[in-house]
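Each chain carries a letter (A, B, C and D) given by its place in the written order, and its residues are counted from 1.
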Amino acid sequence: MSGGLYTQLLDLACGAFLLAAVIVLWVRELTAIIRVFALQGIALAALAVLLGAHEHRWDLVGVGVGIGALRAGVLPYLLRRALATLTADRQRYGTAAAETRETQPLVNVAASLLTAALLTLLAYAVARPLTALDPTPATRALPVGLAVVLIGFFVLVTRRRAPAQVVGFLLLDNGITATALLATSGVPLIVELGVSFDVLLAVLVLQMLTTRMREAFGTTDIDDLRELHD
Amino acid sequence: MGLLRRIRETGRAAEPAPPRPEGDVPEKARELGGSVQVRCVDAGSCNGCEIEIAAAFNPVYDAERYGARQVASPRHADVALVTGPVTRNMAEPLRRTVAAMGEPRLVVAVGDCAINCGEFAGGHGVEGAVADVVPVDLTVPGCPPEPDAIVAALRRVTGR
Amino acid sequence: MSAIPAALATATTLGGAGALAGLGLPYRLRVPVVGLLTAGAGVAGAAAGVAALGGSRWATDLPGLLPLVGTHLAVDALAGVFMAVAGAVVVAVAVYGVGYAAGHGPHGLGSRTAQAMLPLFALTLVLVPAAASVSTFLVLWELMALVSLLLVLAEHRERASVRQAGVWYAVMTHLGLVLLLAAFALFAARAGGETFAALRAGAHTVSPTVRGLVFVLAGLAFTSKAGAVPLHAWLPRAHPEAPSPVSALMSTAMVNLGVYGLIRTGLDLLGGGPAWWWLGLIAVGGVSAVYGILQAAMASDLKRLLAYSTSENMGLVFIGVGACGLFTSYGDRPLAALALAAALLHVVNHAAFKALLFCAAGSVVRSTGLRDLDRLGGLRSRMPATAGLFALAALGAVALPPGNGFISEWLLLQSLIHGLQVPGVAVAVVLPLSVALIALSAGIAAAAFVKALGVGFFARPRSPRADGAREAPPLMIAGMGLLAAACVALALVPGLLGDALDRAVSAIGLPGSGALSGGGVRVRLTDISASLSPLWVVAALAVAIMAAVGLPRLYGRRRRRMNARLWDCGGGAPTPRMAYTATSFAEPLQRVFDDVLAPEQDLNVTPVRESAYLVERVRFERRVPDRIEHRLYEPVLRALAGTGRSARRLAGGSVHLYLGYGFVGLVVLLVALAVGW
Amino acid sequence: MSAVGYAAVAGQIVVVGAGAPLLTGWMRQVRARLEGRAGAGVLQPWRDTRKLLRKEPITPVGTGSAFRTAPALLVATTVVAAALVPLLSTDTPVSSHADLILVVALIALGTVALALAGLDTGTAFGGMGASREMTVAALVEPTILLSVFALSIPAGTTNIPAIVSGAVDEPGRLASPAGLLATAALAVAVLAETGRIPVDNPSTHLELTMIHEAMALEYAGPDLALVELGAQMRLTLLLGLLSSLFVPWGIATGTSWAALAVALVLFAAKVCLLGAVLAAAEVFWAKIRLFRVPELLAGSFLLALLAVTASYFLSGAS
């Protein structure tokens, strides 16, 4: 693969990766959020495959394929299933709350988008010294990974609906994986596998928690949990 | 994606265009040259005619294909579609609406009530037929008139 | 033999004579004579500035004039810009002021004090840039502040709010003076001399910390004088309450001196500094630009709107100055020169259009007694000249072609856009944000001035007083005409200023940018080019308008225009009460920026007696307070008041107590000396 | 300058002026077909314009010169912008003046003129439209200028012909994340500037939901023809600008008549395609609430900012 084409494709994958994180902030429909998250998984997988192909490290390509299967396939599937049970519930109980939409995030959408802009700039400023150490196309894209970590964290902090929060958590993890891939040209296979299983486990736990919450309170609004504390 | 499928399945809803209606084109309408902007005025109708007018502009009858289009302001309009017997409170607004339209302008009285007050003739709130208030160029009889008839009247104005 | 000393001497003589005439002459003679002398002083000042811009320099020491230190004066091209602008504005405003004061009777601006102060104010505006030592600068600076304070208070008999504005202005301008005094004292002590030449020579021997401290202190003082956020609180109070000619001078020539001081201190005397100075300045500029114009868009008081818009424009200028310093600190001097040229051009443009805007607003206030846009309207047919001139100036203020403001903002944007070639994280993060802030401020400025013009001057009068408006007298229109001519010239042939701006930029050691030349504006640096020809744009627009008007006429059949009543939806004729007011116009923007503006709402429902359902009166009130003022100033003021109350206890009234304070003070001093400093 | 250059400028003006109603007709036709209608034909907007020009000019009592001159100014700004933007050729006598910021500002000038006209009528709807239009315009500005910023980084200038010919020579610029993000941002900004769904509904009859239409409610006859033509020309121009910036292939870069002819055909094809896509999208979208518009614009602003940073920190300078 020629250097120019590799850089171009890598940049495109990074752009799509970041864009997906931004769109998660932008849209309210939970199904759309999950779809966008799946697209981000594909971009991340492409990133890993590209890096692997460029450096002729076939284990990295394998990791990429694994990432693709997990983050664009399994996790979105699980999330969608969780959402489907929520929707079914809503139809059964006729809950007034619009469960399938992130209607009222703690920080409104316009402000979240502007915050995301600032977070991206911050990520860029922070990653600058790292990039300067070894300026390759991959390390230059490092801020993208960091920005997604920050945006993921932001989603986790400001969204009320549990499924949206799970997506925030997964964005965070995607960002970490991307940062690792870009900074060191890939973590060892075994670490990546371990992390992925952790994530899978976490999602399953969260899903179970969501189901429990719904059974107990009939909603997944995290704010209602506060009443337990009070 | 559901919408896309429905669009594909529905295809064309508009019925084939009937032959051009008989009757001469009014003198003033010749200047319009195939473009007519329509402003509807409900001067006291029972809303039956409004439903039919709405139907005339729906995809099935599709009055738009003959160059007629509904607009939001009488300033933009060439034709006032007036329905209903003109009630006392609507007589002045009707006059003002027609006065607000630039020349050349036409008034089309839609429905029996608009033509001769129909069922409401002699009612204490009724000022009179449309022609008693503003000069009328075309009439569409019927209670309510069928969308086809309204479309035909509009086609006589657009000449298409 | 340079023309500068002669011109400055003339200006001083005329200004002094004007002050004496204002004190001595009876009311009938007072106003025209003072106006004439002030205008003369303005002409002389502008001439001095133009001579300096033409390339001549002049410096002199007058040892006897101030005790101990003497007076030092020097004029270079940088000072020339500000001198010329101040002089030109003074000329126009003096002519305008004669007409303005003539109708007002011997109170307000026509009073003895005000008429004596006006020439002095004009004179200090011209002379401050000529100061070449710390003491001379501070004396002139303080004189300017005091004289302008008296002028702000000119109409104190008519409105109580004038007095409050005066208090705010007095306190803040003196806080600024204290900061400035501290900064310069520190600087002079460390640099070993108080003349600007000595400061310039000694600047590199001063430690970086002290330099930073000097810059921050002086920067606070100068940005406050320029009305930049957060030290802007005096500006939206004092500028609306001052008589309009004074507002015009304050909002152009005086705020400009804040910019002058900053350029002189930061870029010239301190000789530039590290990036953080300039990043801070850009941040202040960006916040001022957006916050100022947002408040302007919310304001329904015409003069308050203009005052906040001054805050915005000074913010833009500070972004330019900050970018200049930033680029210098990274070593890209040609780009720095471009940024500074853009900032200076904006200073000139802003002076032209803002003076005209304030004068036109003054005509409205004089004729109707109203500043509230919600009650104005319909002025375009009652005061056609004023409305036209306001529209012309507003075109400059919204930064759209073919207005003059567009050219300087274009140049500023160009310098920022090309700044990305300068390496550095800060640059890459700050420049896109500044571009976005400038763009946002330009967009909101368009909304604000559409509101001012469309609600204030168009449509129909919303109150009897607006209905009874009369056109301003010829002298006022003549004064505004001068400013309008300046606006048009700046919009059409900015190239005339090219050499002058280059000299001003090179006065602080940067290379000339050559951005403005003959036919238009051209940016040409390594790998960069962009050009703009305002004259060409205007010609093209004129031809296109003629075509757009003419071609349909050729085709149209009915040539005669018909008059028709407004479309009233068939109901009764729409009354002016149904028209959109300034408040309703600004409502969507206010809702968009709710989080920033934090408006306060009150809803009072008075039910009819003995009925829970029938309502007698509903009163809805919404205020958009200055949030920075609420959050920043009120706590400080409360704390100060608290300290004052507790300090009262210290003064018990006993002589022994007071003597004891003196004794303790002496002992502490001695102990400190003994411990050894 | 050669005759071809002058012909190109004249061609751009004529194409935008004469083609704008056709584009609108085409878009209405696409939309009508998707809705199952037959449609009025591509020529219908021209018939409308012809009729409006023949109608009686009306001056509502109480309006002034702003109301009278705004339609001409709206059209004039668009005409000047159309002469500047390299729709057909990058090598024209005016190409050295064709600054992107200037073009954006000219379009904004038209908006301001119409908003003033809306306020000049002194009716509630006119003021309402003006207020909303200026709000949207104020919020669109940062997006547009940041997109300009992003586009000018690789070219080193804001001169549109230079940007376009640079992109023709080096197609990689367009496929980069910066190029794509800037396209997306600018596309949203164009939707807002031209008052299309989801920001404004150009075919609404309900005054309370109007933005652009509300300002034009008092216009009649030839004035209305100019206002509508102006709006249509703006749409054509901005779609043309989008296509020039992001699909620049086919635009003549030299002085040959053949290249100009090819450019004309390709321009028509590109703009028709864009128009069809937009019309189809409008069938699927709904107009969003006025106070949701800032969200949309904040999103496009973010895209533009990302475009700037991306062009800088990915593969960009340094």
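The working rule: a contact is a pair of C-beta atoms (placed from the backbone, for glycine too) under 8 Å apart; a residue touches a chain by one contact, two chains touch by 3 or more.
Please read these numbers as outputs of a predicted model, since none were measured by experiment.
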* Structure fact -> If you tally C-beta contacts across A-D and across B-C, the winner is A-D
* Looking at mean CA positions, which chain is nearest the middle of everything shown? -> D
* Asked: Rounded to the nearest whole Å, what is the centre-to-centre distance of chain A and chain B, using the mean of the C-alpha atoms as each centre?
  -> 56
* Asked: In angstrom, rounded to a whole number, how far apart do the mean CA points of chain B and chain D lie?
  -> 34
* Structure fact -> The distance between the C-alpha centres of chain B and chain C, rounded to whole Å, is 59
* Asked: chain A: which residues touch two or more other chains?
  -> 108, 110-111, 121, 124
* Residue list for chain C, restricted to those that touch at least two other chains -> 428, 432, 558, 562, 564-565, 567, 592
* For chain D, jot down the residues that touch at least 2 other chains. => 54-58, 217-218, 221, 294, 301, 305, 309, 312-313, 318
* Where do chains touch, given as pairs? -> A-C, A-D, B-C, B-D, C-D
* To do: Name, in rising order, each residue of chain A that touches chain C in their complex.
  => 108, 110-111, 121, 124-125, 128
* Asked: In the complex formed with chain D, which residues of chain A make contact?
  -> 4, 7-8, 11-12, 14-16, 18-19, 22, 26, 108-111, 113-114, 116-117, 120-121, 124, 127, 131, 135, 137, 140-141, 143-144
* Considering the complex alone, what residue numbers of chain C touch chain A? -> 425-426, 428-429, 432-433, 592, 595
* Any idea which chain C residues touch chain B in the complex? -> 558, 562, 564-565, 567-571
* Can you name the residues of chain D that touch chain B in the complex? -> 32-41, 44, 47-48, 50-51, 54-58, 204-207, 210, 213, 217-221, 224, 283-284
